[in-house]
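Once you scroll down, you'll see the structures, which are given as structure tokens.
First chain A sits with chain B, and in the next complex the same chain sits with chain C.
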Partner chain A sequence: MKILIILEDNNGKIHRMGLESIVAAQKIAAGLNATIGAVVFGKNADALADEAAHYKLEEVVKIKDSLLDNYSADGYAEAVKQVIEQEAPSYVLFGHSYQVRDYAPKVSAKLMKPFLVDNVAVKIANGKAVFTKQMFNAKLFSDIEPNGDGPYLISFQSAAFSSEAANKGSAVIKEVSINLDSSMIKTESEPPFKEEAGGLDLTAADLIVSVGRGIGKEENIPIAQALATALGAELASSRPVVDAGWLPAAHQVGSSGQSVSPKMYLALGISGAIQHMVGMKGSKNIVAINKDPEAPIFDVADYGVVADVLELVPKLTEALQ
Partner chain B sequence: MKIAVLVKQVPGSESPLPINSDQKWVDESAVSYIMNESDNYALEEALQIRESKGEGEVVVVSLGPVRIQKVIREALAKGADRAIHIQMDTVSEVDPLSTAAYFVNALEEENFDLIFSGLQSDDVGMGQTGVLIGELMNMATASLAIKTEVGDGNIKVKRELEAGWFQWVTLSLPASISIQSGLNTPRYPSLKGIMGAKKKEIKVVEPNKNVAKQSLEKVYLPQSDKQTVMIEGSVDQMVEKLINAFRNDIKIF
Partner chain C sequence: MLSNLERLIFIILAITSLGLAWVTFGRMFKAIGRGSDPINWKKVIKNWPKGLAVFISQKTLFKTRPVIGMIHAGVAWGFTLYLLVNVIDVMYGMIPGFHFFPHSFVGNIYRFFVDIFSVIVLLGVVLFVVRRFITKDQKLIINEPVLLSDAAKKGIKMDSLIVGVFIILHVGFRFIGASFEVAINGQDWSQPAATLLSYSWSGLSAQSLIFGEHLGWWMALGLILGFMPYFPYSKHAHLFMGPINYMAQIERKSMSTLEIMDLEDETTEQFGAGKLEHLPQKELLDGYACIMCNRCQDACPAYQTGKELSPSALEINKRYYLNENLKEFSEGAESLDGLSKWMLSEEAAWSCTTCGFCIEVCPVGNEPMVDILRMRQDLVLMESKFPREAMETFDKIENYGNPWGMAPDDREKWTEGMEVPKMREKGSAEYLYWAGCSGAYDDRGKGISRSVAKIMNEAGIDYAILGNEETCTGDSARRIGNEYLFQMQATQNMETFEKYGVKKIVTQCPHCLTTLKNDYGEMGAELEVVHHSELISDLINEGKISPDKSLDEDITFHDACYVGRHHGEYDAPRNVLESVMGDNAKLIEMPRNKEQSFCCGAGGGNMWYDIDKGKRINVERFEEAIDTGVKKVATSCNFCMIMMEDARKVTGQDETMEVYDIAELVAERL
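Now for the complex of A and B:
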């Protein structure tokens, strides 16, 4: 049995979620007695292959093709489809990155094989793998099994595994070729660009007060700001607050915003959607105040307070002053 | 310009979600439903395109049991021209390839220029239906769209990448686009829209046959290995305990 990991390029280095999927692959390989191959491609394929070769894998499969130098959903999906056909793995693992969300479903459709997404854990029992996924915005967990013959495409949520747990070793690099044609690519992409985040670097903040939809309305934002000021903390938010226009995008923490790991993350009225949690799970101490005792944020919180933010926070601010 | 918008009815964020005794699904009779958040943005984007072009048709397409006609009516009240309801029981339906195949079967003969879908559903959150449908219908696809500009025979889409990066992608039509929340301000239905929606067509179609390629074994409450200290009492007591935790345990001052 073989497991294939598709590693994503992050400016010449393996994307963090790729390292995490190495850990997942090593866990599944131990349980199912499988070998592991890692696939790299794109303009930085050489550097990625060298980096991947330092992990405990059987081999690194390198694809060099100028049509993969820049990302396109069609080009990447076709490349991954062809390498799956050549390597015949039982499982194909991805990090659940934004790029993977954009092209991996196409691989699933091309092969008519299932894509089990955004898993937080894997359990091995009776010679097969069962995957755990959050549902209903992380309020419930589910166990999902692929049906029929593989290969099965599997993605793992950011931080489902710790990249530090990846076993080191040395792997052979093998270069393979695929057949790509520019006519396969139905889109035209412009170069990626970064939008000015307004100069707010939350990643360096020691203390963060973060506000979610539970704050109710824009007029209540100063209540959270006052607490942040009293604590000497930066003010952050979840996505719905930014979408509603209550705070600029620079304040957003989560998969589409900044990833933070402060000494204390104080979440006010944040329910704890997956997209938010992946950006703050690494905080040293998480304190959550939310009036809904079932809010998923309490599953990751070190300290939880079931209370109305609008009632509690002004008093907390006053006491701190 | 003919645009299909895929809309899903999902539990509201405050809805109870009691798990059935067989642990296969939640008790739907206890659930309060709403239109999936990102689908609402997708619908608004389609309506704005039709309005700015001054022509075209927006068709809302939804899969599920009879109860989903509530969100179909809501979409019609907001301004969709007509609807297609693929009527079937979708309890514990977690196979995106089957879901996509049901839609392809219903959409195929309509020759849509654009298929809009929300990025992901707030229930099972598979986040791939729009891309699967596009691929199965041999269309160009793009996900995480946060801006759209319809051109002559194409659509230009601003895509969200990670950590504050973006990219413009041009797709020739027909195309299937998955829409990210927040790209516009969804409208509320007007009274005139609500009245008018009653006369609009909802075409009910039978699902075709598909074999699920992934299945749900069980649902359960999250198991957290984290020991959460719950701070309780009156508001004044909670304030005092929080400040003690800040000082003595987290040591922020």
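Now for the complex of A and C:
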């Protein structure tokens, strides 16, 4: 049995979600006694292959074709389809990246094989891999066991696995060729989208320290920043703090800002108005510090401290340091 | 008066001018005809009294800038008189021996008015020219970062100069001609100003006087002949396009209620307006009616807080695009793809809070806000370009039936601990009480809902709520441009209304109010929908509730756009406030109130995304409240409440000022 991982290029390095799918593949391979091949292509194929060869895989499949230098859904889909046909794996794993969302459905259609998207976990049961997917906006989980003839195309949600958990080792690099010609590629991509300068992706943060108007004045923002730095957390805020110009708009969490779900959300002097709450209630742990014991933030907080932020936070920072 | 040769020349010039004007006017109307939704010209003509009333009364000029409005009225009335003057002058020149009722009462009255108005028009236009070119009134300037096409930048000044100079020369030479005529025939006190001027010519020979009169006649009427073909390119066209625009006005249930899109029609290839020709003909006419006075820009909450949006820039860009491409466009050429590239930037389109102030103040009946709503439909339904946060809002409305993304099962939680009848238990009721999403989920909103329920319980109203069967009306979806999502929500709610035989609805959410009453009305629902302020005001007037008059501090009231301009209700919330105010308390109005109230910044979907440019609209408004000196602010809208509460914190008034909903003020005094 063989598992194929399709790795994505992130400026010459393997995309983090690719590393995460290595973890998934190693888990399945261990349970089902399968071999793993990692597919690399594109203009940085050599560098990616070298990097991939340092992981515990059986082989790295390298495709060198100038038509794959720049991303195109048509080209990538055709290349992946052909490599799947050549390698005949049982499972093909992808990270559920923007690129994959774009081209992998075409692969599925070309092969007439199911594409099970955006999984968050995998386990082995009765000699088969079972994938877990969120449903109804993450209210329910469903376990899905693909049946019928493989290969099954599977993608994993970002951060479903920790990329650091990928086992190191060594793998053989083999170069394969495929049949592509420019007439197959009818789409052309624009340059990749870049977050505007000063953009801050709070959605990726594990720890967030967030300030509300309870911080009092702009001069007190560094107190919260110091705690965030000590924790290795990102600094966020409620809308009034941004409206007052104390922090740039990129820091805003809430209905007109970003929606976040970190492992811990530390709310400092945030009363918990609905437009803020909807942006952070998905956090795994919410810790609230507020002077007002009636503040609605305590309704959603897992831990609450009724205290003056300005007194407590510097002590907390000091203790952490 | 004229010699035979002069007559011949005049006839040739007149024919040439009329011929050219025929071509340019034809192009203008053909260009308007390129619009999508045809103007019913028969109906427009039938509406002539409306156009005439606006033209004669000049009443739309006085809503803002009353002084400028008065000067304009003088110029406009003078110019109207000049239509007659020009005809009579042509007859005077062309028909040998013709005089208009010489030495008779009628003739004297005529000459007197012409004389006076000549002076009024001259003074008025000189003032206008001074205001634009010398004192450079800021109101006439469109600031960065608004998108203004190069053609418009150059054109506005040039056109104003041409029109100003034209009027001054036309009227000026007519007046000078009249003074020569007085000098020839002897003083005529029915023309006091011309008589005064005639003394300047006292030393001139008879020959020179005749030459002067002819020169005046030729310059005055020659300018008209010269100007006529240029008319459609000039903003001066507003003098007839303005009234025509009024006559062509489309009747809408509310200013933001657009026609319902037929989403089932598979032949439709365009939703909303992505190009000029997608706009209805009436909205192309808007561009011709615009005189670039910028009253809308003065009013616009987005412009006033430094955003990219100026409603007048939208109309001006439209107009100069038409001017530049008039021949090709009128002959059927496609316009430049993407209105956001040249008419109104995308960010500007998203900056509109749909407050309707621009429509309210426009003297010529333009509706830039409606253009913006159509552009948004194109951006959302055709281009899939909209603020990221709006996408989340769509998702939440679609999945949870509320824009907050809260659990649908928690919708009636606000009723816990009090008696609030549910439709599913009661079966039917006279009033459906619609709490709306913010009334159901926002903490403060829940308090307002409890206040409304308490008032209705006290008054013994036969009412019930839908509770968990209620779902978002789709206001934000529709105003952002997601017609599809709106219709989904509307269909679902209308089915529920059907089930319980709902005929009357009361709600504290002005956005739900407008949507249920007007947008659902457009979809065929027959509902009588009232705002809680109206119901509470009635209950007080009928004596069904009598709150204590224990509010003993001055208070100011912030009008919600969707209760005021969109629904026309200004008195009810004020009556409600009066009912709780003690003898010492006064209602202190903010400078911008009632029809001219300034938006809180949340309308048109702006509740759900932020335009990170310039000042916050809610802060601008709250500062206006602070400036009144009162410590209490009343609102009658959940969105306004949230925005005012935020602004209260941002402006550092957490400890000093308070914001209330009118229902809260009443309920706590029962």
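Throughout what follows, the second predicted complex is superposed on the first by the 195 of 321 C-alpha atoms of A that agree within 3 Å, B and C clash if a C-alpha of one lies under 4 Å from a C-alpha of the other, contacts with A are read in each partner's own complex, and residues count from 1 in each chain.
Just so it is clear, contacts are C-beta pairs under 8 Å (C-beta built on N, C-alpha and C of every residue); 3 or more make two chains touch, one makes a residue touch a chain.
These numbers come from a predicted model, not from an experiment.
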Touched partner set for A:256, first chain B, second chain C, both or neither: both
First (chain B), second (chain C), both or neither touched by A:18: neither
If touched residues of chain A are counted for chain B and for chain C, the larger one: B
Touched partner set for A:243, first chain B, second chain C, both or neither: both
Which superposed partner A:118 touches (first chain B, second chain C, both, neither): first
Partner chain in contact with A:296 - chain B first, chain C second, else both or neither: both
Contacts of A:37 with chain B and chain C, given as first, second, both or neither: neither
First (chain B), second (chain C), both or neither touched by A:274: both
Touching both chain C and chain B, counted on chain A across the two superposed complexes: 137, 239-240, 242-243, 255-257, 259, 274, 296
Residue ranges of chain A touching chain C (in the complex, touch as defined): 137, 213, 239-240, 242-244, 249, 252, 255-257, 259, 273-275, 278, 296
Complex interface listing, chain B residues touching chain A: 11, 13-14, 17, 19, 26, 94-97, 100, 122-128, 131-132, 135-136, 139-144, 159-172, 180-182, 211-224, 226-232, 235-236, 238-240, 242-243, 245-246, 249-250, 252
Complex contacts: residues of chain A adjacent to chain B: 73-74, 77, 97-99, 101-106, 108-110, 112-118, 130, 133-148, 186-195, 197, 207, 231, 239-240, 242-243, 255-259, 263-264, 271, 274, 284-285, 287, 292, 296, 298-307, 311-312, 315-316, 319-320
Parts of chain C lying in touch with chain A, wherever the complex brings them together: 389, 392-393, 396, 399, 403-406, 438, 441-445, 607-610, 612, 616, 618-619, 642, 645-647, 649-650, 654
